[in-house]
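Dropping the structures in below, format is structure tokens.
In the two assemblies presented below, subunit A is common to both, partnered first by subunit B and then by subunit C.
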Partner chain A sequence: MTKEPVAVVGIGQTRHVAARRDVSIAGLVREAARRALDDAELTWADVDAVVIGKAPDFFEGVMMPELYLADALGAVGKPMLRVHTAGSVGGSTALVAAGLVAARVHGTVLTLAFEKQSESNAMWGLSLPIPFQQPLLAGAGGFFAPHVRAYMRRSGAPDTVGSLVAYKDRRNALKNPYAHLHEHDITLEKVQASPMLWDPIRYSETCPSSDGACAMILTDRAGAARAPRPPAWMHGGAMRSEPTLFAGKDAVSPQAGKDCAADVYRQAGIADPRRDIDAVEMYVPFSWYEPMWLENLGFAAEGEGWKLTESGVTELDGDLPVNMSGGVLSTNPIGASGMIRFAEAALQVRGLAGEHQVDGARRVLGHAYGGGSQFFSMWLVGSRPPDS
Partner chain B sequence: MPEVLKAPLTVEFPFTRSLGPVQSAFLTGLRERVVLGVRTRDGRTLVPPVEYDPVTAEEIRDLVQVAATGTVTTWAWNHAPRRGQPLGAPFAWALIRLDGADTALLHAVDAPGPDAVHTGMRVRVRWAEERTGAITDIACFEPYDGDDPAEPAGHSGEFSNFENFEDPVTGIVAPARLDYTYSPGRAQSAYISALSEHRNVGERCPTCRKVYVPPRGACPTCGVATLEQVEVGPRGTVTTFCIVNIKAAHTANLDIDVPYVYAHIALDGADLALHGRIGGIPYDQVRMGLRVEPVWTEGARFPDHYRPTGEADADYDTYRELL
Partner chain C sequence: MCDIPLVPVMRDIALVAFAQTDHRRTSDEHSEVEMLMPVLHDVLAQTGLKTADIGFTCSGSSDYLAGRAFSFTLALDGVGAWPPIPESHVEMDGAWALYEAWTKLLTGDADTALVYAYGKSSPGSVRDVLTRQLDPYYVAPLWPDSIALAALQAQALIDAGHTDEPALAGVAARSRRDAVGNSHAQLRGSVPHGDYLVRPLRTGDCPPIGDGAAAVILAAGDRARELCERPAWIRGIDHRIEAHALGVRDLTDSPSTRLAAEKAGAFERLVDTAELHAPFTSQEVVLRKALRLDDSVRVNPSGGALAANPIMAAGLIRIGEAAARIHRGESDRALAHATSGPCLQQNLVAVLEGDPR
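Right, the complex of A and B next:
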């Protein structure tokens, strides 16, 4: 028996900001869920199950928030699941929800991911004073910056590439009303003059800390037929994991990321991702991860990813636009960031991305990773139903 | 085999909560010695209030006042109160349905002993002297044998004063604290014990032969126990690094002058790099491949930093697999 095709018929986001002091966590998730239902022209009663995700509980200090959020998400009397995969959680949450539809367990599923970073401090949550362990010597960027240096050494990329990514993503964010950072006076010179925090990573090449939520309504073929607006169709989806640290780990281009992408492409019938995929929303928390992931995801040969960035291929009007929404560099409610990538990919193939729409986007990849490059989740969505 | 180490670990943080309109009214009410609930469309009154109807998922904003008296619906005796609980002496945890409410609120009942508590007993709020807009504004409940309120279930359903509260509570601090006894386990205990003699002792995987320092007691890729001890270092190679220019809260670098170099160092004989600070060389002269050795300070468990050995830099191909 073949799988049920999965369609995205509703998408909702909050306007992401540094601190949403006007709403509780329940109020925040409700806003995104309500917008997704409105997009799909559905009511709470039309939803069969709810699948939510967020980053670790320490990040807000609400233990098992899914219990308290059942009312706000209309989940009372329905199955409710929570997914945990660190920063990639928004992507894997969507994939767990999609699996329920594909397996015909449920017809219509609400999936949602969120983070209210203003209620805690993620750096604290990642830096618990474990006895006998060597204390952490650098902040979040200090974990990633040595890997960026390793990439630069390996690829020979000029040291300006990171600033090009940040300049592009921050300009793209100006076209996205939901993005957190709207730096209207951004210039390349300003990015390049911003303080060097963890050399080679500059301040303007890092992601912000955001409050926000993102929701999607996933449904089956019958649900898609009733949808008021064009659906996005899932053509492939996969998750992979590997340890954060192990002998032989390639932190620049992790094997789990390559395997995850290969699985998605196989499902979707993608022979050459560079040719067959129209745009990408990828998880880039520090600007240099754009060229690194371009290689890891097979859009460029090893050591060549930076050339796509440098030559403008990944610009909004380029041949392979990357992070049309402004990406994680412009909006980072950690738990939601992966789902925002998946949702923005779906918006593109639905033709509903507004000012940051890529003309004629038919197949778009959504990508998330987390936990020190430990977890990967990706999906490929298309404007037409998958071949059955 | 050395003793397995143990130490206390306390994890605590003052989380903040934005309350949203309903909890804001509820906690502001407590500060003003008023208990507010919400009324659902089907006429039930929920105390404590919620923002969304648990049955219909509708948004609820219809606030109503209920009485400060109520009835215990069930309870359990707390023989040994812990830190942060409402009362220092033994008390009853109880679910209390306030007069006018359809649901019960969890709180403490101050009573001399379990024989003095029963389901169905009447209680009233004992307000805290200092009230800040928190659930602790109700110090506890206490036995109450006064008359039932004349109109327990409704107060006409309207309560207007809450809209006039000045300076409403919009956020609270919710401190959380967890106390653990932490043990790093056999493998790390042995590693730490050897470090006290300035020796780096890791463990080799019997399957893939990789050497892990610090050891974890199991190989993360092969999934088998590691027992064979292997001394590595003390010298090593900087595989990659960053230059830290900012002091970051919640990290241990607040006492270190910036800029400094934070590096991945592959000790000779180890198959995974560990992390350390590089000193004894200007920060802008540190490079991949630099050969380094540990510098110890009196009484420290870990090297204070690593400094150049003066050897020629390692060839890239000798450490590229360790990046």
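Right, the complex of A and C next:
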């Protein structure tokens, strides 16, 4: 039994900002969906099913909001699925949608992820006190800072690497009209002088809180043949999960991330990711996660990831550009952040990334993670159909 | 144009094991993980599988019931996700987790799947909690609770002449009488029909509030036959959603259920059994009509959601109960239904069959 090849023929994003007070949640998601349909030159009637994802419902204060969003997304009379896998959800949602096409259950699927953080307060949404359970530190930074510290200690990376990542991503964001942060006066010195929040993570090395949505139209071979613009083809996709905390867990380079990447590379026929993959959109909410994930994903040997960052390999004009869009460090509508990675990877291989396009990008990896570095979802997209 | 069949031959996939908790009004002494663990162990023991043998895991639950963000991550610890596993989660009833797992098996990426769902309604006021599902700008601020909305639907049915209060009381009595044979049920036997909660619904017309969990194992083709003597083959499964605003819906009908049933092939041949996820007596009336079930069909032999309604698991339990009857040889072709949202907004229908005896 063979799977139906899956193509991305439409991509839509909102212009991500701190607060979209001009639209409701429904208005926000519809804007992204409408743009994805326009890109594919399709109408609502062409969509067979809707797969939506977002991070915890407490972030907007709406329980299972897909019920209320059915009308806005043209889902009435259609199947609608709601995925929630923590921070990796944007990626997982795209993969569930892709599965519907691959399994030939549906021909064309709209997939969308969003977060409207301004409706609520994400930090406290993550910090609800539960009796008899260990309280989470306020926000995610407090959870991840010790893991960054462990990485620095293990790898011997110089203290400045994190600031290099932030400086690069914020400059890349200047080339992406949809990015939330457009810091035209950014300098490396400013990043390095920003306040220390969770040692060693400085303010400018953290992601913003954004309102935003991202949508994609996924379709089968027949749908791709009708597409007005070049499609991106899915060459591999996988999810992996491991427990939050357990004796022997490697919080710096989790096994689930390694296994997930290996599965994707196997499907896509990638023997050497550093050589065979042209660019990466990875989930870097705190600057240091770039070198950490470079190692976890097999682009560098253990302890060597920071050297790629330091030597400029991951710059937009480098040998392995990372987060050409500006990444999560420049735009973070939490539930959508994973899907933006997947969509930006697809934009690159379609040659439609505009000012942040990498010349000749043929195979690009989209990556997302969530929870306590325990949920991973990834896909590899190419400019040509698989097995061609 | 070409001779490729419109509907390609799909992989045969079956439910091979089902387990559920004894559903209770409260489970203060157990965390969600503790509630779920015995159920997971049960389905694994039924099949002889270990966590590491499972190709894909998918679950359904709600952060709003749990009262904390990422509540499903704790449940994952109970699964024993080490070495790491391919896994996903829907913020929906477990019936939709089963749907996602079914598509995963269809792609051939996995041959077996573990699906589970759980919900604890006891820690909060579930009537109030469910109001948070409604349109956050125009409806939720008014806090119309789940029973009030179901009562609107019931009154519309009575006004349209589709049912009356004695008939609804009959549904309640039959469900709890049938639940006598279901050791997991929360309400069994003779249950007083009680006073009006929200007219025209009396306490007896409403589901019990309770905590519970359920799990199933799916397997494809020959693997299913190895793991189960009489697998419950999924002949079709589909789900559809309707508009959210109650004002634009005909509450006496369920077009989404009918369409899902059509797509799942439910109308191709008569079923002998139907497990309907109708938390309110009046909703059984709507579903029977949409699914064209006559008196020859055994409806909710388990007692249904009127006997036990652990939110987020109750839909998956309907599929599990239907499958279990096929496993036991008590049914050859069964329909299972799950619902979500106010007044049956979203509905899933699965058609299960056993091999000929």
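The rule is simple: the second predicted complex is superposed on the first by the 379 of 388 C-alpha atoms of A that agree within 3 Å, B and C clash if a C-alpha of one lies under 4 Å from a C-alpha of the other, contacts with A are read in each partner's own complex, and residues count from 1 in each chain.
Everything that follows uses one rule, which is that contacts are C-beta pairs under 8 Å (C-beta built on N, C-alpha and C of every residue); 3 or more make two chains touch, one makes a residue touch a chain.
For clarity, every value in this text was computed on a predicted model and none was experimentally measured.
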Partner chain in contact with A:E60 - subunit B first, subunit C second, else both or neither: both
Partner chain(s) touched by A:D71 [first = subunit B, second = subunit C, both, neither]: both
Which of subunit B and subunit C A:R104 touches, first, second, both or neither: second
Contacts of A:Y265 with subunit B and subunit C, given as first, second, both or neither: neither
First (subunit B), second (subunit C), both or neither touched by A:D22: first
Which superposed partner A:F342 touches (first subunit B, second subunit C, both, neither): neither
First (subunit B), second (subunit C), both or neither touched by A:W198: first
Which superposed partner A:M239 touches (first subunit B, second subunit C, both, neither): second
Footprint overlap on subunit A, where subunit B in one structure and subunit C in the other make contact: 24, 58, 60-62, 70-71, 76, 119, 125, 128, 130, 133, 243, 246
Complex contact set, residues of subunit C against subunit A: 8, 10-11, 57, 62-64, 67-70, 72-74, 76-77, 80-92, 96, 99-100, 103-104, 106-109, 129-130, 132-137, 140, 238-245, 255-256, 259, 340-342, 345-346
Subunit A residues within the subunit B interface of the complex: 19-24, 26-27, 30, 44, 58, 60-62, 70-74, 76, 116, 118-121, 123-125, 127-139, 141-142, 145-150, 153-154, 195-201, 243, 245-248, 250-252
Touching residues (chain side subunit A, partner subunit C) in the complex: 1-3, 24-25, 55-71, 75-86, 92, 95-96, 99-100, 102-105, 119, 125-126, 128, 130, 133, 238-244, 246, 254-256, 259-260, 263, 371-372, 374-375
List of subunit B residues in touch with subunit A within their complex: 5, 7-9, 11, 13, 15-21, 23, 50-57, 59, 170-171, 174, 176, 182, 184, 188, 192, 208, 210-212, 220-221, 239-246, 248-253, 256, 259, 262-264, 271-272, 274-277, 288, 301-302, 316, 320-321, 323
